[in-house]
Amino acid sequence: MHEIIRVTGLTKKFKDLTAVNDLSFSVKQGDVYGFLGQNGAGKSTTIRMLLTLIAPSAGTIELFGKKLQGNKHEILSQVGAVIEKPDVYKYLSAYDNLRLFAKLSGKKIGPAQLMEQLETVGLASRAKDKVKTFSQGMKQRLGIAIALVHDPKMIILDEPTNGLDPHGIADIRNLILRLSRERNKTILVSSHLLTEIEQIATRVLIIDKGKKLVEGTAEELFDPAQTVVELSTLDNAAAARQLAGSQWAIMLQPQREGRVVLKLDRKSIPDLHRYLVQHNVDVLSLQPRHSLEDYFLQLTSGNQHVDAFTD
Amino acid sequence: MKHIYRFTLILIAAFGLQLTSHGQDVMPLIKKVKAKLDKVNDYTATGTMKTDVVFIKAPIGKVTIYYKKPNKFKLKKESGISVLPKGGVTVTMNNILSSKDFVAINAGKEMVGSFMTTKVKLVPTNDSSEIVLSTLYIDETDEVIRKAITTTKENGTYEIEMSYGKYLSYGLPDKLTFSFNAKDYKLPKGITMEFGDEDKPKKEELKNKKGKVEITYSAYTINKGVADSVFKN
Amino acid sequence: MWTLLQIELYKIFRRPRTYIAFAAITALIAIIQLGLKVDGKSYMEFVMADLNRSFSIEGNLLNGYFVCYVLLNLLLVHVPLLISLIAADMISGEANMGTLRLLLTKPVSRTEFILAKFIAASIYTLILLVWLAVLSLFVSMALFGTDDMFVMKNYYAVQISEDDVFWRYVGAFGFAALAMITVAALGFFLSLFAENSIGPIVTTMSVIVVATILSTMSIPLFEAIKPYLFTTHIVTWKEFFDEKVDVNNEVIKGTLQNPQRIINSVVVLCVHIVGFVAASIWIFKKKDVLS
């Protein structure tokens, strides 16, 4: 599998703010690449740099094995994108919008193909209606139709589920899976919601304050052998001492807010539980998380989105 | 659209013919001029008219002039807009002839161009006359009026110069120049919407406010009859 | 490039806003024509008052050519405001709608994108002027007939023969088109800097209003900059309605009194257009699209 995107040392500075800081990652063909980070972490800036909307301050971007700078036309004709809200011309119909953007993609796309595209996103019946009468979800689907209309090899979706209801979110998720499995598209999808990414991504990159936090395959990051347990007891210090003198000591992690943290295989959790009971540790709670979730929770602790990551 | 003008000042000379008995010494001369003009019962003339006023840029226009005895006169411009001095319209035959009493005074000889003329001053005896004073310059050899200067109460002084050619025997001019004093012209910028000042004329140009109307006759058709309807407005 | 231009024109002429200017011009011209048709006589008396003291001017003074001249005098000051409605919205409007980022993720060059948009705005301007010409010249000719054209200037009047007028209008409208494209270029340039269209539209209008005031005020302080203000040159179309005279003060048909003045204005306006468009391209190529 060869690389579709290779980003090296990518940096973007806006006056005093460094939005993206020395970021490197690569996306391989067929990946559904989950790009995770809080709002303002630098996801959008990175995506805009991939799409030539923003010029990098430093670093290189290669797409399809070619430098983005100097090969813009060739590269962009193989990319489809939805960036944040999918805004289109409100005074035009869905069909006319699709036709207009299809024309710009440089490929000849006939009326039948345009209608077919609207069919796949479920807008065929509203093709002639002006977009100003559309709901947010319909606009989102039209945006995706526009991104797909020229049959690009790679699709970039920036926060595609923003502003959608649960039904709409499920629709988008299913569409992404279908595009990946049935049409073998490489997809880069960004989100600030872990739940969205973990259900579809084959690889995941988490960034924070413009820097890479962790990158890996879903198998690695969702590995049950790498489960993190957070232990809350009546006397955390005593519990920590107890565990430090036992066979669990090698699994101990630095404490967080006084709580004891261990990293272990998911299968060992009942044993841990038993050990604590046998040694009279008064357990208040024992919360297991896979490592990706743990990362993200650390990242967003105290954040309004924290509830989205708990089971 | 054709426009009709009473450009009757050409015939201003004719009022001399209406004089009765003042200025005995010049009467025979005036009578001779009258006799010559009397040969013409009517005419239709074609020609060109040019308005020459320093602050008006006007093209030459084609005109047709109609005349019928005793005092019917009409100037028609073939097309376009005509700009004529106001006096030319208001000093009509009628208001000149309404007062018949003039005193004719021989004022000596004077050259008009290369022609020796007799200068005759006509002073109306009627106070209500529009004309204050007229001076005719009569060529005794050819028995025609070469020049006339008329001062009016309302419209200033006019000067008419005539030159003769083919139609000398009828006393009809080939060219007639009507000179007058043009008043100041300046329009506020609000009306013209011209905001630049570059077009301001030089001071000496403004002083020279004499305007002229020139009529050059190319052909006359004499005594072939002119319908009265032509003179109606 | 051709595809981009087609798309831009398609967008312009599918927007309701585009037709505001056409409706406004139609309404204004109709009102003025109606007014002159009904009460033209007293208007002419007012305008001609000064000349009428010494002269008797006859003929169809209030003809179609004259009415068109009056209309152009009144309208060409305001048409820039209508043009800025569209031109100052070309980039900022797309940024505001959020379509700019989508357009620029397509394989199009930014230079071509800017040029296509500017040309589209210029075509809109031209069509607006053609519409203005049809209404103000041809409809006026039909309503008021034709005759010699009598133009009053501050210090003199010009009478132009009927058969010498039409080409002057062709020239005047051609010049007006150039002047209005300059306005479009200004609005277009300003539209780069905002993510809503109100800002650039108001800024364009303000620049025009301020520059027009500077151009019309005869204050020595401003005289020095006057020749460089494009608003000074917008009114140069009037030079087409002034003729040369020969030594006998006789009009020479088919001449212009100050052809050099027209050429100067054309040069100044062209420099403005090229400057604004080049600056637009230069800035836009480096611009980070954050909208």
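So that you can tell them apart, the chains are marked A, B and C in the order they are listed, and the count of residues begins at 1 in each.
Here, contacts are C-beta pairs under 8 Å (C-beta built on N, C-alpha and C of every residue); 3 or more make two chains touch, one makes a residue touch a chain.
What you see is a predicted model; the values in this text were computed from it and never measured.
A comparison of C-alpha centroids places C closest to the centre of the full protein. Of all the chains, the one whose CA centre sits at the greatest distance from that of chain B is A. Chain pair with the highest count of contacting C-beta pairs: B-C. Per-chain Cα centroids separate chain A from chain C by 52 Å. Chain B and chain C have Cα centroids lying 47 Å from one another.
Computed centre separation for the pair chain A/chain B is 99 angstrom, with centres defined by C-alpha atoms. Touching two or more other chains at once is no residue of chain A. Listed in rising order, the residues of chain C touching chain A in the complex are 3-4, 6-7, 10-11, 14-16, 97-99, 101-109, 286, 288-290.
In the complex of the two chains, the chain C residues touching chain B come out as 46-47, 50-61, 73, 145, 147-148, 150, 152-162, 164, 215-216, 218, 232, 235, 238, 242-243, 245, 248-251, 253, 261. Those residues of chain A whose C-beta lies close enough to touch chain C in the complex are 14, 48, 51-55, 72-77, 79, 81, 83-92, 96, 100-101, 103-106, 143, 146.
Interface residues of chain B facing chain C in the complex, by the touch rule stated above, are 1, 3, 5, 50, 52-60, 77, 79-86, 88-89, 182-183, 185-187, 189, 191-201, 211.
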